[in-house]
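Input: one structure, supplied below.
Chain naming follows the written order as A, B, C and D, and within any one chain the residues start at number 1.
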Amino acid sequence: MLLERARIAIFGASGYTGAELLRLLADHPRAEIRALTAERQAGKSIGEVFPHLATYALPDLVKIADVDLSAIDVVFCCLPHATTQEIIKDLPRGPKVVDLSADFRLRDPALYERYYGHAHHALEAQADAVYGLSEHYRQAIEQTWLVANPGCYTTASELPLIPLLKSNAINPDAIIIDAKSGVSGAGRDAKVGSLFTEVSEGIHPYGVATHRHGPEIEQCLTDFAGRSIEVIFTPHLVPMSRGILATIYVRNAPNFDAEAIHARLAEAYADEAFVNVMPFKSLPATRHVRGSNLCLIGVHPSRVAGQTIIVSAIDNLVKGAAGQAIQNMNIQNGFAEHLGLTQQPLFP
Amino acid sequence: MLLERARIAIFGASGYTGAELLRLLADHPRAEIRALTAERQAGKSIGEVFPHLATYALPDLVKIADVDLSAIDVVFCCLPHATTQEIIKDLPRGPKVVDLSADFRLRDPALYERYYGHAHHALEAQADAVYGLSEHYRQAIEQTWLVANPGCYTTASELPLIPLLKSNAINPDAIIIDAKSGVSGAGRDAKVGSLFTEVSEGIHPYGVATHRHGPEIEQCLTDFAGRSIEVIFTPHLVPMSRGILATIYVRNAPNFDAEAIHARLAEAYADEAFVNVMPFKSLPATRHVRGSNLCLIGVHPSRVAGQTIIVSAIDNLVKGAAGQAIQNMNIQNGFAEHLGLTQQPLFP
Amino acid sequence: MLLERARIAIFGASGYTGAELLRLLADHPRAEIRALTAERQAGKSIGEVFPHLATYALPDLVKIADVDLSAIDVVFCCLPHATTQEIIKDLPRGPKVVDLSADFRLRDPALYERYYGHAHHALEAQADAVYGLSEHYRQAIEQTWLVANPGCYTTASELPLIPLLKSNAINPDAIIIDAKSGVSGAGRDAKVGSLFTEVSEGIHPYGVATHRHGPEIEQCLTDFAGRSIEVIFTPHLVPMSRGILATIYVRNAPNFDAEAIHARLAEAYADEAFVNVMPFKSLPATRHVRGSNLCLIGVHPSRVAGQTIIVSAIDNLVKGAAGQAIQNMNIQNGFAEHLGLTQQPLFP
Amino acid sequence: MLLERARIAIFGASGYTGAELLRLLADHPRAEIRALTAERQAGKSIGEVFPHLATYALPDLVKIADVDLSAIDVVFCCLPHATTQEIIKDLPRGPKVVDLSADFRLRDPALYERYYGHAHHALEAQADAVYGLSEHYRQAIEQTWLVANPGCYTTASELPLIPLLKSNAINPDAIIIDAKSGVSGAGRDAKVGSLFTEVSEGIHPYGVATHRHGPEIEQCLTDFAGRSIEVIFTPHLVPMSRGILATIYVRNAPNFDAEAIHARLAEAYADEAFVNVMPFKSLPATRHVRGSNLCLIGVHPSRVAGQTIIVSAIDNLVKGAAGQAIQNMNIQNGFAEHLGLTQQPLFP
C-alpha cells in the first residue's frame, strides 16, 4: 500500500543536513513534516536555530522521546555516529528510516570498530541496513526499512568507479582518489579548524590515509568489482561552503582507452536523472551542481599513455547527504524518484 | 482572458540575470520558455554558456531578430541600458515586457540623460512604463505592458522606507543608506575590478554620491512621501557573489520611537509573502535570503536618542532582479504572485 | 637610559594578536623575544600552535608564572579582558606593558562595569594607563609604564574624527559610523558564529547599539572635542579575515565643506608615517592596507548639501592591534616609531 | 666585483608579479629601484595602478624604450611570453636579467613551439638561459646573465621530487601531481574565468593534460633523474588569491618506504633556508606560507602498501615567482641569498 503523503520526522534537525532536508522537502509534493528534534535546543522554533528558514511554517524542535512515532512514516536520522545506533536500535518497527550518519554503512563490525573507535551496538539493525547509493542499490533499498545513506566523499568516488569496475574497463589495483571538500562537510560544531580565519584563502590535505570514508569506498567498490579493492584516498579542505570534487586517476584495462571509458560511463548513466556524464574531455566544477542533486562526471585522457583522469562533482549536502536521502526515501516509498529534487543549481 | 501558460522569451539570456530567470522559471507551473537570445553567442546551447544549466532542456540561443514574437506572451529583457531602449521601442505591441535594465526606471528624461550620459530615445514607451516594485505599484503593474523592474540597491532601500514615509513616522530629510552588495551586481563582463583577486578578502566603497541608483531611490520615495526626498546613498562591494544589505539611518518623527517604527513596518507588510519584518531588534543577514525572493527587514533603536537603525537584506539576483521580475510577470498576467518563487533560501 | 634591545614577553601568545606580534617583531631590529605564554598550551612549540611560524626560532610556550620578569623589558599582554586586570595588577613594576585587551581603555569604572559585566579590580593600574592611540597620545605614552592599546573599530573611527572635532570642522552631534570588520576580530576561539559556513558569502550587522567599542570611541572623541560626544556606531561582519572599514557620515560645520574637511585632515596627518590622507574624493579599500600598519583616510562630498562622507581603512590585526602595540612600545622606549612596521601591504 | 647596491628595473611592473617584487624589494638592503615600466600605463604613478603601494616612494611608470639601461644592473622581466623574447633578444649585454615569463624555460625550441603556438625568436639568448630553481641550479645561476625563473606549479612539483629521483628513492614511471592553485596565477587581466562570481565557492580542474607547466616539470626532472621522465599533472583552480598545493603520488622504489623517503628529503634540504621538510606525517597548508618565500614539504605513507603521498605548498607569487626571482638575483650578484626574503608568513 502506497502512502499518499509521507509523514516525516527529522531527528537532529539543527545541523546542516537537517536544514538541507527542510529546504528540499519544502518542494516535495508528497512529504509532510511532522516532527523535528534537537535534544539541546528542544522548545525552540526552527527560525531561532536557522534564521534562513524563519518564514517557513514548521513544527518547533522537540526531544526524540516526545515524538509520537506511531504517526510517522519516515524518519530521517541526522544524529552523530554512536548516538545514532543507540536511537535506531530502540526504534519501534514501523517507520522507514534513512540514516545519514556513518553508523550503518560498514557491514563488518570489526572494521567499524577500528575506524570509529568503539564496538557497534546495533548489529541486528545493521543486518537489515542497505547501503543507500541510490543508482546502484535501488532494488535492495525498495525492500528495506533502514537505509544507510552514503558519505559525501564516497558518493562522489563510487558513482564514477562502479560501472568501470563492473565492466573491467580499468585496472582495479591502482586507483587514486584526490578529493576536495567544502567546509559544511565538517558540520555545524564550533571547531577551531572550521573557523573562517583558519579555512579562508588556503587549501590543505587532512585525514590522509586515515579518513573514515576510505573503508566505505573500498567496501562498496568491492561489491561491484568481484574482488577486493584498495584505494588511495586523499581529502583536502577547500574554502567553500558546499561541494565535493573527486579527481580520480585510473590505469586503463587492456583494450580500453579514455574514450572507451567515457563511453562505458555514458552508457551506464544514460537513463539516470541525477548522474550526468559530460561530453568527452569536458570536466565539471563543484559550483555548477550547488544546491542540486546532480553528480557531474567528466573523463579526460592523461598525458601519460594508458591512464585516464575522471572527475566527479556533487554538492556534499545534496547528492552527498540530504538529496540522496530524499531520493532513497522516494525509492523506499514508491514515489517518483525525482520528487523534491528538481531544483536547478544555484550559480553564481 | 488569462493565459493558461505564458510563452516566454528572454532577451540577453547569457548574463547572470538571464541564468537566474531560467533557474526560477524551471519551477514555475505556468511558464514555458520558448526563446533565449544572446547576439554574440547565438547558435550555442545554454549549457555552453552556463554549464550549471546543461542538464536542463532549453532552446538554443538565437538572435533577437530570429525570435517569432507572435508566439511569445512575455519578454524578459536583460539587455544593457541604451541597447534596451532601442530594442523595446521597436517591439510590436502584443507581448508583455518586464525590463530588467535601468532604461525605463527614471521618468524624467533630463535626469536619465544626466546619469546615463545620453538622451533617452524611447520616450513613448517610457510613458507607458510602470516602476516594478511589486508590493507598492501592484495595481499599475496589472495594467501595463511594460514594467521597469527596479534595481537591486533600490529595492532593498525602498521597501523599508516607503511605509515610514507614507505614515510620516520618520524625518524625511535625514535619510542615510549605507549599502553593501555582492559582486554579481556587476554582471558577467570581464572587468579588472570584479576579478577574484581584486575583490576577495576586502571591502571598499564605490560610486559614492554618483551611483545611478541614487536618483532612482529618490524618485520612488518622492512618490510616497508627498514631497521631494533626497538621500545619502553609499554603495560598498563585499566579497560575496549574491546579496544586498542596506543599513539605513533615520531620525524618528515626533511621537515615534524605534518600536513604533517597527510596528508600522510590521503592519505594512503583514500580508506580503516576500517581505518579512523580523521581531523587534532582530536584524537580517544576506546569507539568509540567498536564492529566495525574500526581503528581510529588521529594526533596532540607536544608541543616540531619537534615531533608529533599519536593516534590510535581499538576494540581488532574486528580489533585486529576476525574482521580482517574475513576481511582476505574475501580476501582469493574473497568475498567483508566488508562482516560481517558493524556493527556500540556500544556506550555508 | 635607552635600551639597546628590548627583551620582550608576550602573554597570551597563542591567539591571533600574539601571532601578529611575532610576525612583525621578526623584522624589528631592537626587539628580542624572550618569553611566550599560553596557560593551556604551555610546553608546546610555537609551530605546534601556529604552523606558519614553525621555521621561526622562538622560545616554547610557558605559563605566566614561569616567566622571569626581571629579565623582561616589555610585556605585550594579549589576554582576554577580566583575566588581564588580574595579571597586570600583580605585575612587579619594571617592565613596560602594552595591553591589547579592553581592560584599561575606559577610565570610568562604572562605564567599564556596565559594558563588561563586572567591576574593575585594578583601579590603581587603571589610573596609570594611557590610551594608546599613538598619533594623538604620544607624549603621555612616552611617560607611562602601561599603555591601553585601542580597539580596532575605535582606531579606525577616531583617527579621522579627532582632527575634525579639534578644529570644529564638523557638527559634533550627528556622527554616524557604519563599520565593517573581518572575522579575525572575533579571535581564535571556536564559536559557531565564526565558522566559515556561517560567515562566507554574506554580510550582517551585529552588536548594534551595544558594542563595547561605542563608549571607547565616545571617551576618546570627548577628550578632543571639548564637550561630550555621542556616536551612532554599527558594526558589520564581512567575509574576510582582516580589515576594518569605517564609513563615517558627518554634517559639516558652518563655513566648512568637504574640501575644507579634507584639507584639515591632510594637514593634521602630513607628518605621520602611518596615517595617509588620500587625494580628495579617493576612497580606501581594506585590502590595500592588509598586513601593514597604515590607516588610509578618504573624504568625499555627499549628494546632500552640507554633509561629508569620510572613509577609513586599517588592518584590524596591525594598526588595530599588534602594529599599533609595537608603535606604542617604540614610543615608550625611545625607539624610532616605525621600527618593525615598515612592511608594505600584501596584495592581492 | 660585487655591487654595493643593485640598480633595478622592473619591466612589466603593473601586473601582480611586478607588485610583489616591489613589496619584497622594499625590505632588500642592497636593492634600489630605478625604473618601472608598463607600456600602456606609462606616465602613471605606481599608486594609480596599485593603490596599496601609494605611500611607497617609487619612480613613475615609463615605457621600456625610455629606460636608460646603462644605469641598470638588474632587470626583472615580468612581460607576457612572446613579448618577452622580443625584448630580451635586443637588450644590450650588461644588466643581469631574471625573466619571470615562460619564454626561456624550455630548452627545446620544438617543444616550446608546440606548447606556446609559435616559433621561438631568441634562440641565442635561450642558449645562455639557466633554469632558476634556485636550490638546484645555484652554480649555473651564479654564472649566467639570464635566469629563466620557474613557473609556480613547477617549483612546487620539482622541489620535492628532485632529491627523490636523484637518489632513486621512487619509481620514476608513476608520478602523479594533483595541483591546486590560487587565482593570482592567472594574472591581472580581465577574464570572465577569473571573476569573483566564477571562482568563489567552488573548485574545478583546468588545462588537464595540456597545461604548459607539464613539459617544464618533465624537462627539469629529466635533468636529475638520469632518464626521461613523464608526469601526470592536473591543475585545479581554488577560491583563494595566493598559494599552490601539490599533492604528489609516488610508488616507492624497492627498499624505500615513506619514512625513508621522508629522511631523504629532510637530508636534502637540511641546509636550505627556504625549503622546509616538516616532521614525518605532518602536511602543509598553503595559508601557512602566504607572503613568504617558503616551500613546505610533508610526507605521509599511503593506505596502499608501497606508495607514498608527498605534499608541497608555496605562495605562487613568492617562491613561485617574485621571491624566487629575488633569490636568483641575489645568487647572480653574490648577495646573501635571503636578502629581501625574510618576511614571516601572513596568517590569518
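Going forward, contacts are C-beta pairs under 8 Å (C-beta built on N, C-alpha and C of every residue); 3 or more make two chains touch, one makes a residue touch a chain.
As the structure is a computational prediction, the values presented were derived from the model and not from experiment.
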Of the pairs B-D, A-D or A-B, which one shares over half of its contact pairs with B-C? A-D
With contacts defined as at the top, give the pair, C-D or A-D, that has more of them. A-D
Rounded to a whole Å, what is the gap between the Cα centroids of chain A and chain C? 45
Between the Cα centroids of chain C and chain D the separation in whole angstrom comes to 36
Find the geometric centre of each of chain A and chain D from their Cα atoms only, then give the gap between the two centres in Å, rounded to an integer. 39
Mark out which residues of chain B touch at least two other chains, giving numbers and ranges. 16, 184, 197-198, 200-201, 239-242, 284-285, 287-288, 290, 348
Where on chain D is chain C touching in the complex? 16, 19, 22-23, 26-27, 50-56, 184, 200-201, 241-242, 276, 278, 284-285, 287-291, 294, 342-348
Contact footprint of chain A on chain C as seen in their complex: 16, 183-184, 188-192, 194-201, 239-241
Which residues of chain D touch chain A in their complex? 176, 178, 180, 182, 197-198, 200-206, 208-209, 214, 230-234, 236, 238-243, 245, 247, 249, 283-288, 290, 300-304, 307, 309, 311, 313, 348
